[in-house]
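This structure is in structure tokens; I'll ask about it shortly.
Per-chain residue numbering starts at 1, and chain names A, B, C, D, E and F are given in the order in which the chains are listed.
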Amino acid sequence: MTDQTMPTALDLPMVDPLPPETQKYFDICVEKLGMIPNVLKANAFDIAKLNAFTGMYNDVMLAESGLSKLEREMIAVVVSSINKCFYCLVAHGAAVRQLSGDPKLGEVLVMNYRMASLDPRQSAMLDFAAKMTIASAEISESDRQGLRDVGFSDRDIWDIANVTGFFNMSNRIASATAMQPNDEYHSQFR
Amino acid sequence: MTDQTMPTALDLPMVDPLPPETQKYFDICVEKLGMIPNVLKANAFDIAKLNAFTGMYNDVMLAESGLSKLEREMIAVVVSSINKCFYCLVAHGAAVRQLSGDPKLGEVLVMNYRMASLDPRQSAMLDFAAKMTIASAEISESDRQGLRDVGFSDRDIWDIANVTGFFNMSNRIASATAMQPNDEYHSQFR
Amino acid sequence: MTDQTMPTALDLPMVDPLPPETQKYFDICVEKLGMIPNVLKANAFDIAKLNAFTGMYNDVMLAESGLSKLEREMIAVVVSSINKCFYCLVAHGAAVRQLSGDPKLGEVLVMNYRMASLDPRQSAMLDFAAKMTIASAEISESDRQGLRDVGFSDRDIWDIANVTGFFNMSNRIASATAMQPNDEYHSQFR
Amino acid sequence: MTDQTMPTALDLPMVDPLPPETQKYFDICVEKLGMIPNVLKANAFDIAKLNAFTGMYNDVMLAESGLSKLEREMIAVVVSSINKCFYCLVAHGAAVRQLSGDPKLGEVLVMNYRMASLDPRQSAMLDFAAKMTIASAEISESDRQGLRDVGFSDRDIWDIANVTGFFNMSNRIASATAMQPNDEYHSQFR
Amino acid sequence: MTDQTMPTALDLPMVDPLPPETQKYFDICVEKLGMIPNVLKANAFDIAKLNAFTGMYNDVMLAESGLSKLEREMIAVVVSSINKCFYCLVAHGAAVRQLSGDPKLGEVLVMNYRMASLDPRQSAMLDFAAKMTIASAEISESDRQGLRDVGFSDRDIWDIANVTGFFNMSNRIASATAMQPNDEYHSQFR
Amino acid sequence: MTDQTMPTALDLPMVDPLPPETQKYFDICVEKLGMIPNVLKANAFDIAKLNAFTGMYNDVMLAESGLSKLEREMIAVVVSSINKCFYCLVAHGAAVRQLSGDPKLGEVLVMNYRMASLDPRQSAMLDFAAKMTIASAEISESDRQGLRDVGFSDRDIWDIANVTGFFNMSNRIASATAMQPNDEYHSQFR
């Protein structure tokens, strides 16, 4: 029997029973994270949608990249801060605290990334993500060149753009559906 | 030999040769659409990324849904108009013209959807998509209830949210990389 | 008998019969353009207003100037895109397609002029028009000097300012009255 | 000999000598107003442009209308306040003080019209002008109906829209050219 | 007996009788200014609040500083113009006219400070105040350095920040409570 | 000997030695809070400024009021979230966690107060504070009446306005001077 508490304001219960492969994936989440992230439960009313979401999430956030996993989580938090997405700020704020071992870094990126102590590379990366979030239509070649100038390759720029894009999608879906973050995140890695 | 003209401002050539499955998919595009959409070429420097993108695109835009394909394309255009994404306005404006058989509808959604003659259902759907795009953090239960009041189910609301979210992602990636739409779209279905 | 279909949401029928001079002007429109533009019909409830409007329109858009007619239409479209004026985007988008012989140019100016391939002169001209439209109170001497630096004379700057100003007027009047563009424009010069 | 002090930041001297009809018009200004308004001098480098401008200005601000001259000046000031146009706030603020005999009304419209004591008719009129100035693309039938509900006819709505439109044009031209108001206005009708 | 006309939209009568020290302070206001500024009456329902307010006001606006009293009033007006605070624009606009002996300076700062003739020091000071008012989270070391570059000390920067901060507080309190300026200000120092 | 580490980007060392009364106040801070809040150190270069600041702070945040201390801290966090003030979000986020005993409440107010579970009274209070922060010039009698309708007295409304105003001041001063929050706050009351 699966836990059917609704993770969003929409009445979309998970498939029950879950297909074995999904159940196994969720079991691994519990084992590794101590919980099933609510975004996964929210998608689990339709396994094809869940798989499409996790397929893209895993590629964007976990695949081989010139950006470290921490850097991708930093982008996630900065984008979510601009969009004021409660779910993503809680979940990815915790990830920044965990991966950096620096609770204060997680806080400052949630609150105002411009107050963080960042090297020029990470600062340029987050400025690009912020501009993409606020005013993507105004991005020009000089913005891309600014990233190359601090050492990013064109492939890295693709990855910055895709992580930023991804959270501009997931922030909006989470806010539009009132997705609630798992309580476990709040006290983690403080 | 694949066409290696860059579809974006980034120097990311397609895998060459393409894996047979990808080549087949592109051949079908040429057969059905008369072209390979540049967004596919842009992702084809890394087949895992291409597959993640098409996996999500196909689920969001083509899977079974309470929203018609035309309605999903209408959302795509309205979101892209707010974000001023040249690529998506060209490609999905053509799709609205095609699926609706109404060239004027494609134009008005590109320019200002509030000037379109819409029934209350589609009007509510596009207002929700616009609010999600501009101010997702301000969406509340009354916005969701407004969709239910014109006949959308919670599952439909999920789909509206996901189409809207998807184009808030792809608009930003296209603008950040200066993705160019295929020339073929401009004169189609006028 | 004049065609009394309302071109706006206001119930303001044209003077009937039209004065001979106005009737002659409208006959020329039909002969040259295949239609009477709705903005003229909308003003024709009061011939003095119609004449004041056409007097200014003709001076701004058609009089001798250091700006070509195409350049003035380009400004018209960029301003109308920022203001999301359906009427003006349709009518002047068609004019750009016609005068440039380049349908794609009309489209990109409607959608996001920053994605157009422009020379530095036209790029500076459109940036100035955009700033005047969005934040006129912040224009300073350095903005004017920027236009001089790419070759515009002070008289040209006056003309850029007046074309931009004119469409900031007409966009708002058209949107405030729900003015509908003539259907003929949509398929022209594609 | 005409006064050739530049009323704007552009080097566009008045035609010299002025044509007799223009000279006569300027002489009447001096007689009635104690000055030639700088906006007229600014246009006088090209008499056709001056005539087009005064033709429209006189129709919009002085012709027969369901709006009083004071009401049209009130709109002028509210629009100019939103656009922060120094020239128009000075000149039309003085006009409101003169026509109303209420210096405080001139001040409050310059500063924040929502703090003025207005009857529902004038309040609705100024709210419509403000919305047209800030977000014309969002005006809908309910906004127009709101004006009808407080007693405005469709012809009055046309006039509100045109006064509002006109100052959205002239504000931008004045700011773009750094047009200076005549010093005489500042102390008038205090 | 004190004048109990409400200076705001809130029903908060002044303490009656006022404590001798407060009464004396108000008597001095009448003697020196010809009135008791309404902001003082508004606070006088609670003498501790009045004293806290005047304590901070007097320190910020009147204490020894590298900024002249006029410069502090200039900041007050520019901040109040951005926030569209009727009360503060009237009261501090009069103060700028008085302290500068230049009525036009008072007007231009109310309307659009960028149109004022300012030296680089005052221009930098007002740009910093404007940025603090509109986008304080984006202020960086380069903004502070810009102030140092035109001759401000770090203590002066503290004072600029505090005057700007103070009016961002008092503007909002005045607007939130519909505080009315004393009529006497309007005609002063014109 | 006082700790002279600069709490801001300005070189403004504390008075040394501190006057006995100030030293005593700071000793109490260390005893009760385990630290001297940096905002106090930042003001301590000039004891008159420090006293003016603490005088107003103590009145606004600690004096008798119809608002509880927690409610005032909730306003502080919501205002600081809109203004993205790192210092105030850290310090007052901790205060909300402490006074409410609900770490999650502190988080959600930092991130997006609209996602918090609030009763109608607190919800109306925070909506008013948000509107005062973003668009104070648009506050009207209906906004004040909305507060009365959920049970606030006019005196409470004064207090809501003053807390909101105060943090619009202190947020801007903190951001303009790059004020750093004490590290102790981050892990408190999680």
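Just so it is clear, contacts are C-beta pairs under 8 Å (C-beta built on N, C-alpha and C of every residue); 3 or more make two chains touch, one makes a residue touch a chain.
By chain, with names taken from UniProt: A, B, C, D, E, F = Peroxidase-related enzyme.
No experiment lies behind these values; they were computed from the predicted model shown.
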item: Number of steps on the shortest touching-chain route linking subunit B and subunit C; value: 1
item: Neighbouring chains shared between subunit C and subunit E, ordered by label; value: A, D
item: Shared chain contacts [subunit A and subunit E, defined touch]; value: C, F
item: Same or different contact residues where subunit B meets its copy subunit A, judged by the half mark; value: same
item: Of D-E and E-F, whichever chain pair has more C-beta contact pairs; value: E-F
item: Distance from subunit D to subunit B - Cα centre to Cα centre, in angstrom; value: 44
item: Centroid distance [mean C-alpha coordinates] between subunit F and subunit A, Å; value: 30
item: Between subunit D and subunit A, distance of the C-alpha-averaged centres to the nearest whole Å; value: 51
item: For subunit C, residues contacting two or more additional chains; value: 84-85, 112, 137, 175, 178
item: Arrangement of touching chains [line / ring / star / complete / other]; value: other
item: Subunit E-facing residues of subunit F, complex; value: 9-12, 45, 48-49, 51-53, 55-56, 58-60, 63, 83-85, 128, 132-133, 136-137, 139, 141, 143-144, 154-155, 157-158, 160-162, 164-166, 168-173, 175-178
item: Complex interface listing, subunit D residues touching subunit B; value: 137-138, 140
item: Complex interface listing, subunit E residues touching subunit D; value: 81, 84-86, 89-90, 103-104, 107-108, 110-112, 115, 175, 178, 183, 186-187, 190
item: Partner subunit D, residues of subunit B touching it in the complex; value: 112, 114
